[in-house]
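Data first, discussion second: the structure below is written as structure tokens.
Labels run A, B and C following the written order; every chain starts at residue 1.
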């Protein structure tokens, strides 16, 4: 059976002169019902509460915002947070300090795998609890091997540390040569002068190419609207740091930018009971991280062979 | 030349109105199905319980003498001469295996400093002539508030690391110009009588976004 | 200028209208596709509201079927244009008009690719961040930025080429070479680039050893050139099946009676009439015209008269002076219109010049006046530069989907599949022989890893399909259409699996930290995919519905606005069904 055709000198697209009223009504009925089905198919959008207002839609790239525009943006963020959580936050845009390059050193002899750093980070940085977003992942490794295939993510013994294992927390390594920055199609993530690789949450389009590119599995995506319990909201916020994110954007460890750029230690370091975490300015020869890199002889930079030059140094004492 | 004499392409096939009518019905039914949200509902996520606040606590494992003094807390543990006699050094007693017998007045002390109990003499650290101070092996008198000096007199490399900030806990400001920092003493983490850093229950592990699609068929030793 | 714009708008309007006109099968097909599109749209609306949690993706496996389908379809889009190479570089005339179908398939495939990428975005409302100038496109560092540029450029290229050629055919004008030939050659190179750039998306990630391998790019091209032409083979047979077959002419009793035609020698007036319709004939000098009078004949035929029959051996060519001639070709038991000829046009010249049997049958659609020219005179005429050129160019203006064309495509699929399988063998050897830690992903894919083996049955099915297809392609058995179609289905399915899920998912398992979290597309995700595929098929059907009548000459400027006379008139009154 085939598409029938009219004699050739006839416009095949024009309806015939004797097209009956019935067939016209039939055709219109099909079109009308089709349009109704189209409109109905979009009905779930009634529940869209994450719609974008005009100034949010038009918001410029972070590096192009003038100070006045940034002020407006910060005020808007503060208003949004207050409306959502009932807490008036203090939102700042902190710039990197001069003469500062951050480095993190982690003592693998001391880490006991208690995961307090994971949860302190979640608390400090207003991460979603359900679904769960945690920037730090603590790996339990067997003695004698750095083979990541042997890592255990879900250890849950009665007490840590367990004999025969050591523990290695992994978070964003703030690489000097970051693959995530290279692949982001819109420059939503970049490295600042103090070494922190930041994300402009209002610029990210959520393509997740950076998540595929990161060799340390350090980046997290908001698969749905993040849920932060009101009573645990940290109101001390920074634009590039711990202000609440939206559905569909990437986030990751930013060395607690709201703390470190005012000179404080990051939350993971403060909570570590064993003092395994060390942080500071590598350009300052008197900092503890300079001392560590000077005196400790064996360092591990994870996946060093990939050429990412991470700013995270793992070392052993004994 | 017509290969299909049965086809009469000049007339509308009798099925065409039927098909068009059924399309109308189909579209209307579809509209209804959409409005009633008959399929593809997202299951609500299982709520992950909030972590216990104790895991967010930045307090140290122990409180040192200096902390107690600063907090004007109970110092009765350090009031040695409430029981001991001045100028009369306490006598140490050992059992048949050369293990120190801890007197029952100090039963809360568990001795475990050094392997095979080699640091089993109280007066390796305490000054028997003056129980209110500590005595290093080289004869230096060390006040309780300065106890790291005593630890460092044996644990040299670790003490150096501690002084540089590489060992132990420091909190506050990494940029010393912008604010204060606090370096914890050795005894804030290590019980001087059994200094091994205590084990603890770990915080809960990570949760997956959704349940796994299949249970692994062998015991997964990795992951 | 206004006239040109008006003409173009009328053309667009007619093309748009014809998309809504068809027979019961067309309505059923389009209706079904529309339903699937709407279901997909509804599922996407839910995804917009709740976020990508409605899919099966997670932080561990952060790309899924959306990107898998995107990768496969970029290959189809690239390969559809590879049919262009035999035509423009090797001058294979049989594929000439089919090139347009290939490029329309490329357009539909690119539209699907863009749709898949859009539904994969977490914040599609921020799409403008990708526009260079307005946003912050990270070119040249990010391979995704390259992909944005090359995909959209490729879309514009193909839309231009197809649109230009179809519009010229619609207007009955010869397309100007400068408006499309350079673009065609650019498109060939661009096709290779879109797929290589997409491969580089994966290859450039050092942290994912499964992808970070130089064989990924060549494998992409080899599998694309297998699946794309295979899809074309199937699509062309569908076009063949649904395009017009011979209707019974003169239905309302005006049956043409062959035999009432008359023949007489041509006169100078007749040749002058030809010159009116065929301007390139004008420079023919009077001397030559007088010579022609001796051998050429004028045929006056009624509607329905057969002027030449497929399979006959005949050494004449024909020019139309008045009326309309339709040329139909029988292939695989079906009769199809290949083109329509109006005054000034020619037919019968190819088989006359090549001394081959007639490839089609020519029937007068209306009473016509034909100039019959013996082949030696035709050759002499063609020595006139302009006339020769126009006659030569017109030899290719016909819609013929010959079996030979399909077999040419089969040849492309054959070679590409052999290369594809060879590259697969290379890959498997490298991953498993030296057996280092970097082959955990391959282990997961082919054998299962630590008890997780969701993809193992899929990849082995794909490999079996590919191997069976490869053997069938090598055997002459697949020259028969039935076996060829089976082979094509096996190729397409096998490559869709291995290049889609078989490429994307194992890259994420295990994660860079060694964790294994498996992936399965959710109901919503699957519905969105089905919706986008339905949209692509819908688009391609609409493109064919518009282009086939144009290529056959049935939708052209010449019959603009010619409505049917009212019922009851004496003229041929085909009742409305369209």
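In the analysis below, a contact is a pair of C-beta atoms (placed from the backbone, for glycine too) under 8 Å apart; a residue touches a chain by one contact, two chains touch by 3 or more.
All values reported here derive from a predicted model rather than from experimental measurement.
The interface holding more C-beta pairs in contact, when B-C is weighed against A-C, is A-C. Think of the whole protein's Cα atoms as having one middle point; the chain whose own Cα middle lies nearest to it is A. Distances between chain centres, each the mean of the C-alpha atoms, put B farthest from chain C.
For this pair, chain A with chain B, the centres built from the Cα atoms lie 24 Å apart. A straight line joining the Cα centres of chain B and chain C is 63 Å long. In terms of their C-alpha centroids, the spacing between chain A and chain C amounts to 42 Å. Residues of chain B found to touch two or more other chains are 4, 7, 9-10, 12, 20, 23, 27, 30, 34, 45, 209, 221-223.
Chain contacts: chain C has residues 23, 31, 34-35, 38-39, 42, 46, 50, 53, 58-59, 245, 247, 334, 510, 514-515, 574-577 touching two or more partner chains.
Residue positions of chain A touching 2 or more other chains: 1-2, 4-5, 23, 27, 30, 34, 37, 40-41, 43-44, 131, 137, 149-151, 153, 223-224.
Only residues 1-5, 7-13, 15-16, 19-20, 23, 26-27, 30, 34, 39-40, 42, 45, 208-210, 212-214, 216-223 of chain B touch chain C when the two sit together in their complex. Those residues of chain C that touch chain B in the shared complex are 23-24, 27-28, 31, 34-35, 38-39, 42-43, 46, 50, 53-54, 56, 58-59, 245-248, 251, 306, 328, 330, 333-335, 361, 363, 448, 450-454, 510, 514-520, 523-524, 527, 574-577.
Of all residues in chain A, those touching chain C in their complex are 1-19, 23, 27, 30, 34, 37-38, 40-45, 47-48, 50, 52, 57, 61, 131, 137, 139, 147-151, 153, 170, 179, 182-188, 203-209, 211-217, 219-225, 246-250, 303, 306-308.
Interface residues of chain B facing chain A in the complex, by the touch rule stated above, are 4, 7, 9-10, 12, 17, 20-21, 23-24, 27-28, 30-32, 34-35, 37, 45-48, 50-51, 55-58, 60-61, 158, 161, 164-175, 177-179, 184, 189, 197, 199-207, 209, 221-223. Here chain A touches chain B in the complex through residues 1-2, 4-5, 22-23, 26-27, 29-30, 33-34, 36-37, 39-41, 43-44, 97, 105, 107, 110, 112-116, 118-120, 122-123, 129-132, 134, 137, 149-161, 223-224, 229, 232, 260, 262-265, 269-275, 278-281, 287-288, 291-292, 295-296, 317, going by the rule given at the top.
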